Each structure stands twice: as C-alpha cells, then as structure tokens.
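In structure tokens below, several structures.
Shared chain: subunit A. Partners: subunit B in the first complex, subunit C in the second.
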Partner chain A sequence: MSRPFTIYCLSTARSPVTHMAGTVGNRAQIAREPVVTELGVRPVPFLSGNALRSSMLRRPGFVWLAEACGLDHGLTKPELYFLLAGGCAYEGGGRESTQLVCELKDVCPLAGALGGTLPRQILSGSVCVDSGVLVCAENRDRLDTFLPDGVIAADLELRPADSFVGEWQYTRRGGEGELAEWADGETDLAERARRFEAWEGEKRRPESPEDTPLPGEERARDGRIKSRQMIYGGECVIAGAAFAHRITLHHPRPPEVGALLWSLRLWRQQGNTMGGMSARGHGILETVVWLDPEPDGNPAAEYVDHVTRHQDRLADWLRRQFRPDAAREAAGKGKRRGKAEEGPA
Partner chain B sequence: MKFSPLLVSCDLAGPLAGDPPALEALLLDRAVVLRGDWRRVTRDGPPPPQGEIPLPVGATWLGGWLVYHCSAPILSEAAFDAARHHHQRYPVERADWLDPAERTQVNTTGGAFKSYRLPNRVRGVRTVCWVAEGNWREMRKLLRDVTHLGKDRAQGYGAVRRADADADASGRRVSEWRAEERPDLAGCWWYARREAGELVLMRALPAGPWLPAGLAGARREYAAVAPPCWHPARQAEAVVPC
Partner chain C sequence: MSTPPPPDATAAVPPLRRADLAEFRRRLVGLSDPGKKLDLLSQHSVREEVIDFLTILPELYQFEDRLPLWERIGKGVATACAAHRHDAADWSDTILPSLDCEGWQAALNERWSAFQMLLPTRPPEWHEAFIRAASRLGTVLPLARARHKERLAANGAAAGAAGKRRKGGGA
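Presenting the complex of A and B:
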C-alpha cells in the first residue's frame, strides 16, 4: 500500500487539560501556539505532536509489547531508553545497515512505524503525529485538514480560544514546619500520641488571638495566626473543550497499521489521559476515531498474533543490538553445544 | 510527456519547522515509494544513477549534474518566527524493568541519557511555492500524498492543508497541491530577471563557467544540486540563493 493511512481523532476533554509550557511567576502556563487569523497572530492552546505521540502510541504500545515479550525485567539502561523514549546513539556511527531496518520492521512493527535510535544507527519512522488543534474560532479554517468531512458543520459558530482557558488551584500543607514540630528528637510513641490528642483538643477550641499556633499554622508579624499551606495553581483548558488531531502513517504495512491501532486502543483503555497532573484527575479525554481508508480485516488482532509468534525474536534482536558481546557469546555457546551434540555420545 | 511552465504551490495548516525541500527531491521520494524499492539507498552505499527514475519535470545536464527545471521553495511572508521546544527524558519510572545490576544512578545532565529541551525554530508560513517546468497531471499523482513538509514532520510540523473529497477521483481526501500554468515564468526556474535587468539565482546550481556573469542573490557553497540531496555523494561546489 503506498497511499498513507490516516487516523483522525476528535478528543473532548472530560476534565481540565494541563499540558503545560513553563511558568509566569509561580503560575503554570498552558502550551500555546501562534495561529494566523484574520485579526492577526493569536496564541491558541494546543497539544504538542511530540506529547501526543508519546502518550497515545509509544508508551502504551511499548509497555504492552515489553510485558507480552517478557522484556519487563532484566533490561539494560539503553534498552529501557530505546523502548520507552526512543533511545540515543552513544557509539560511533558512520555506517547504516539496511538489513537492520528490515529486521526491525519485521520483528517490531511498532518500532518500525515510530522509529528509534540504536547505539550505532538512527532508524527513522514513518508516522507523523500532528499537534492537537483546539476546536475554536481561531482554528476554523485549519480544522478541515485534521478532521474528516462534516464533523464540524460549516455553519457551526465556534467560540474563541480564550473562552476555553480556565484556572486551577490546589493547596499543599506546610509539611516541613509540621514535621519539625513532631520530630524534635521525640521517639516515644506514647508521648507522641498524648501530644496528638492535646493538639486535637486544642484544634476544637474556638480561635482567639491568644491561641498558640497549631501544627500547620504560624504567627505572622502582626500577631495573627495564619495558615502555612502553600497555594499553587495555573491555567488549564477547561473540560468540554475539544481537540482535533491526526496520525498519518506513510508507506503503511498491515502489521504497522495494527500496531498503531492496538496502541491507540490500549491508551483509551488505560484512561485516555494527556498532559500533566493526571494523578489529580486532569487530562482525561474522550476520543472518537475515524480511519481512512478503513482497513481490511482486524489489523490490531493480527498485530497481537504477530507479536505472540515473534516474541523470542524481539528479545534476541534487542540483545544483538545492545549487547553484541553477550549475544555472540550465547551464539558461540549454542554452536559449541550443537557440535558436542552432533559428536559421538 | 508535455511540459509547461508552472507555479506549483500548497498551503500549510500548521507552522513550518526548518525549510521545505526542493520540488524534485519531493517528487523523487514519492516516485521511489511508488516503485516499491525505497529501502535500497542509504548514505553508506552509492547513490542511484542520476535520472534513473524518470520525473515529470524538465532537466538539463550541467557540469556533470542532471539539474531539474525547478526553483528553490519560495515561502510567503512568515506571520511569526518563534521557537518551540522538544523534550526527552530517561523513563526512570520504569526502573523496575532494569536488571538489578543496571540499577545505578542515571546521569540526566550529561552523557547518553541527558534530558533535553531542544529549541526548534518554527515559522508561520501560509503558502510554499515552486516555479517549475513539468507535467502537472503526472506531478499531482506524486504530490497528492505528500502530507507534511520541512523538519520534524513526525511531530506534525509543516502539515499540508487538505483538499475537498471531490478533489481526488477515488473520493479520498488528499493534500491540496495546486498548479497554475504561467508562460510568463518560463525559464525562471533557474534565473529570474529583475526589473533592473540583472539576473537573480532561483535555485542551487553547480558552480562553473556556465553561470551568467553578474548573477545576483547567489553565494558559493558546498551543496547538493541533484536529488537525493541528503546523500554525501551529491554534494558539489555550487551557488545557492541567498
């Protein structure tokens, strides 16, 4: 197949999306890209293609692959780096092996599609993951490129990007002071329990300026007692906003199409999250997907079958790339053992 | 095959990173893919003979190089010129996958596992165009699946705007590449004449006595003048537009 295979996605935020890009003062700022509009260049929130590529494809796809092939233990540091972040070249290059490229595409279609860096060679992938374009008035004339026809009606009035930007704020307990008060050389658990009860009792007393500061509080210069909690916050794209994004696979082969669809399915099963603060429930997306062209059969199931059949080959291939000495030694032992077995008993 | 002077162009749906490629390089890349032997050439081996794969654009031998009748890419005025950052870090959260003997400190400020935040220059370019002499019907067959231009295409930079469904006979939406027949631009793929009368260089050409005297907008450089431009054997003494 020489025509590109395209996956169109429309992701609607079900919780605030905090795909951050730096801070202003102590407030986190969301990533924005300049967009040319009729009114000039406007900064519009977006999801970077690099982050989408990692969250949607590489992480879920390779975590599953490593677990399926028994590669989730006993790895070297460069192997782990290659599998989960693309790797880096740390040995002399200068030569490129076409055999290596073909082997990789055969043994690991996902790595063939996404590319990666081996110790001596960079392997280019064939997937373009576009950035997530906010469905808003500023992006109106770009949406046709990233979505199939008719998804956004031509007469639908889109809201400006600014109306999708909200704020979040959390507090963090002043832990250091509190710990210091509790850990002043005191090791007796009974004494600690007695003090805790006293503190609880004190806490229930109505507040008055004469009160002594409780743990987590401090007395300000003006004599008043105030909380030592730290406030932190920033911007977010509010729940309900939608992003259009697209994955284009060039020169697609069925195992690579299957690898992408399977990774995408895993991402959706594992929470469909994007951006930071996911531990606090941020970045949950609900994604609708369109495929162009609609693939024949079930490529994802065929990919799973392919991996199951070739799981030993992937481990062997990885060892040959990252531990050539160990692989040669293992091959030599195998040969010697083979010769011994062939000899007279 | 009938060739005519064309102004080939496409609109971009997102920012452009780096520079767009030469038109003949784009055409050659797609032609090789359609032939099915796109894995064969690497930097390590010899490049394919020049002109081995026929392209639907005119070409002339110049100083041992087959130079195509295509100008360098011409960009519309950039609405913005900014930097975006690309991040990568070592996945320490999966340290439990490491062999116990490998569970040592990972240096993230230098060495092989250095975390990085690389700046990437991006420009808000709306349209890219090339002046060429070619056969648009054949060129379009090759160009319709070119979805991204420039650098860092894997991260979505340089996305080419897509056309309506009816733009393709198969009903599939394809990249919106356009061509305008422009007899007034005949010959402008190598040099264009300014109003003052002087000739301006429009693409990289091999340096030599064949270059016209008093050529403006040119500087000497070691550069590729024939595709595949990434191959070291294609580098030559050349003049490039500036």
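Presenting the complex of A and C:
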C-alpha cells in the first residue's frame, strides 16, 4: 500500500479574513467550530475544508485546465458545474463503472483526485482537504496533527482564539430612495458632479435650517441633516493570525501530485485569497508548505505536459458523459467519413 | 552539439513557498505571548463581566427620551474603546457623557461604585482584555440588552409580589 502524499500548510493572514457563517442583525459572524478544551467546549474560528478545497485546488486548477484545453467557451452548464463545483447527479439509473473512474484518472488527474458527480455516477476522489485550524491556545493539543512533527515545541504558549478576532466596518451610500433622487430629471453631469462634491464635503458644509438635504441625506427628527449612509460590518480574523491545514492525497500517482501542486501554484498566482470580501482586500493569506514525502522531479511540469498531450481526450470524455447523443453523432460521422474515404479505393 | 533543454511551461507561475521546520517555528513565534496570556476561563469570564457592566449603564441613563437608550450606550462604549485601551477606569468614565450622567450621579449607583472599587484589584492585562471584549459591541450589546430585560422582569415580578403581600397584609 502506497504512502499518502501530504502537503502541510501554514497560512498567515496578511489582511482580515472574513470566512463568514451567518449574520446577527446586519453584522456578519465568522465561522466557528466547537472545540473541547480542558476548560469546556469553546467556539473557535476556523476555515472550512470545503472552502479551502474550492479556493485552493478546484477553482484555480479547473479554470486553468478549461483554458489549456480550449474548453473555456464550449462548456455546457452541467459540465462547468462538474468542473468548478463538483457537479450533481440529475439523471436516474445510477451506475458504478470502474472503467469510467480509471479513464477519468488518466484523462484528468485533477478530477481523479478531487472526485465529482456525473449525471449518473458519483466518483469519489482520493484527496482529503482538512479544515484550517486557527493557531491558538484552544487548538494547542490538536495542532500536532495539522503541522509537521517537531514544529510545535513542548513549551509553546499560544494566545487565546479571542485575541485573534477583530471587527471591520464599511459604509454603503444610500438606498433606493437615493437612486430615485439622482434619477429625477438630473441629466446635467456638471451639476451632478457639483452636488456630489458638496455631498462629499458635508462635514465642512455650514448647516442652516434653510438647507435642503442633498442626495444621500435626510432631515432627522431633531431637525439636523444626517447622512443616510448605511453602515455594515462584522467580525474577522485579524491580520497576523495563522491557520494550520493539511492536504492528503491517498494512493498518490505522479500526475495527481502534479495536479495538486500546480493548482496550489495557480492559487498563489491569483492572490492566495480565502473567504469573503476579497473585493475589498480581505482574505489574503501567505501560505508556506511542507511536502511529505518530497516528490521526485518536477511533478507540476509533468502534469502540465500531461494535460497538453491529452487535451482532446478530456473534451471527448466530457462530451460522452454529459452529451452522449452529440458524442454518438460525432463518432458516427467519423465512421461514415472513414467508410466514404475507404469506398473509392 | 547538445540540444538545449525544452522551455519550462510552468515557469510563468510562481513556485510554492516552501518552508523548513525552522521557518514554520519562526512563524508561530508571533502568535505566542506567555507574558500577556490569560487563561481560557478568564477570557470567558471577562466577557461575562463586560455584559454585567453594560447592564449598569441603563440605570445611569439621564436623557428623558429612552428610545435611543441602547444606541447611546453603544456609541458611548465605542467612543471609549477608541480613546482608552489600557485602563478600564478611564474607559468607563468616558462613557458617562454620552448618557448625560454626571460623576456624582454615577457615584450614587451601587453597582457602578462596586465596579469602580473592583478595578484597582485587577491586573493590567485584565483591563486590556476587558476593553477588547467590550469593543465587540455586536456580540456583547445584544446579550447585555437581553440580560437587562431579564433583570427588569425579575425586579418587576419581585415588586409585584411585594405589592400583593402588602395588599394582603392590609386586608
């Protein structure tokens, strides 16, 4: 039995991480998991394995694969769903074809490792992506599992999880009412710009009872003109906190090892982000890895070469699984063409 | 003449950031701080103390309009958190103006006075943890409001029972 290939990761937050799970009022709450400590069960922030799997491996790996195989404009919705989200079974008569699994592992090592669901068959993958465990006092006893042996010193005292939780707050201008105000016959761009500048400098603007509220403002009950900006915010794991996580590939084959390492490189190239609010700069991680065992050669380059050599087979395989009629038609045309070519000879 | 090696198709994508054990350990150093570490139980109880403290503030509230009670409390606490991070006495003092409460009015409140007498006995790291816990208004303020309502209901029930007893005694 082959030894699993493990990628130990330590991801340090370089900006607030907002991996959210629900809201309280209009405040977003970060995802927490209950952890048994010697002082009782405590909720501790974490990164879900599902989110890590999607952000680190599936999405960067398959977006690149679709582009490399020239499929980025020719995929149907179920095919795209299979590649980017794992797919779902939507046809009856489920079946279990080992040949299909073998073929998939050969044609697309990344799909073989991550698994997925075809219209009539579930393909189990061989990679396990663990949750991101916050490096904190509550998780002290289980960090050894998620980090290489010898990293956690016996006398290491960590801060409590609570000290890594912070808050963020942003404002959003106005609402539907404001849009209506802006739209009301106001077509002069210069006038609109002038009013917008006045609105921006609302604090400098002297206020008098004769003043009329500008777009985005309203008169409060006490007669003062107030901004109608909407505040929204929530919790975050603060920059500088770290998560330990692990990717384990069972029964590793070189193309699958290469597919995982290549996807992680693509993730890094695309910003190494995780969780929500990345459009506002949240969720940037700096990840260092430890590979166990050290792979031979350059598996990522071998995987890229493998994809280049088999790109037509992937398109054909996808068509046979998701569009069997089109695949049969294409195969029939090929046969007829072959016979026609043979005929005159 | 030897043929040049084929160009590496993966060169355009940055390699993974590899680390040895020493690098892993170095990255964990910043996350440990034994000097400032509070035990987990204290962390939990600090939050409870913050919630208890916040239930004192409605008793100090002096504005006639009680509708924005929790809004003013929230703003006062947020202002205090921005101004003070190390001393809970200064921090609590900063909240009073937002409740329109003078120092002498606060001194008449027994719970406030008990809290102020407790502060000098607490270590500096407790003060920091207390203010940090109080700054998480989204978490502590709803809990404080719920606890305040419970206290009011309990006081109301007790007053009602006492009233009934008095009536019963008089009859």
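Quick notes on this structure:
Following the convention adopted for this analysis, the second predicted complex is superposed on the first by the 317 of 345 C-alpha atoms of A that agree within 3 Å, B and C clash if a C-alpha of one lies under 4 Å from a C-alpha of the other, contacts with A are read in each partner's own complex, and residues count from 1 in each chain.
Operating definition for what follows: contacts are C-beta pairs under 8 Å (C-beta built on N, C-alpha and C of every residue); 3 or more make two chains touch, one makes a residue touch a chain.
Small disclaimer: the values here were computed from a predicted structure and weren't measured.
Aligning the two structures on subunit A places subunit B and subunit C next to each other without any clash.
Of the two partner chains placed around the shared chain by superposition, neither subunit B nor subunit C is touched by A:R140.
With both structures placed on the common chain, the touch criterion links A:V101 to subunit B but leaves subunit C unconnected. When the two structures are aligned on the shared chain, A:R14 is found in touch with neither subunit B nor subunit C.
In the superposed model, A:R120 makes contact with neither subunit B nor subunit C. In the superposed model, A:R42 makes contact with subunit C only, not with subunit B. Once chain A of one complex is fitted onto chain A of the other, the partner contacts of A:R319 are absent, as it touches neither subunit B nor subunit C. Judged by the touch definition given at the top, the superposed model places A:P78 against subunit B, while subunit C stays out of reach. By the touch criterion defined above, A:L158 reaches subunit C but does not reach subunit B. Draw one line from the C-alpha centre of subunit A to that of subunit B and another to that of subunit C; the angle between them is 90°, to the nearest 10. Taking every C-alpha of subunit B against every C-alpha of subunit C after the fit on chain A, the minimum distance is 13 Å.
Applying the stated touch rule to the two superposed structures, the overlap between the subunit B and subunit C interfaces on subunit A comprises residues 148.
Every residue of subunit A that touches subunit C in the complex is listed here, in rising order: 10, 12, 24-25, 27, 37, 39, 42, 135-138, 147-148, 150-153, 156-160, 162-163, 165, 167, 233-235, 240-242, 261-262, 264-266, 268-269, 286-291, 298, 300-301, 304-305, 308.
Only residues 2-4, 21, 33-36, 41, 48-50, 53, 63, 66, 71-78, 80-81, 84-86, 88, 90, 95-98, 101-102, 115, 125, 127-131, 133, 142, 144-146, 148-149, 246, 248, 250-251, 292-293 of subunit A touch subunit B when the two sit together in their complex.
Partner subunit A is touched in their complex by these residues of subunit B: 13-15, 33-34, 36, 38-40, 42-45, 79-80, 82, 84-91, 94-99, 102, 104, 106, 111-113, 124, 126, 145, 147-148, 153-157, 159-162, 164-165, 172-173.
On the subunit C side of its complex with subunit A, the touching residues are 8-10, 13-21, 23-25, 27-28, 30-34, 36-41, 43-44, 47, 132-133, 135-136, 138-139, 142.
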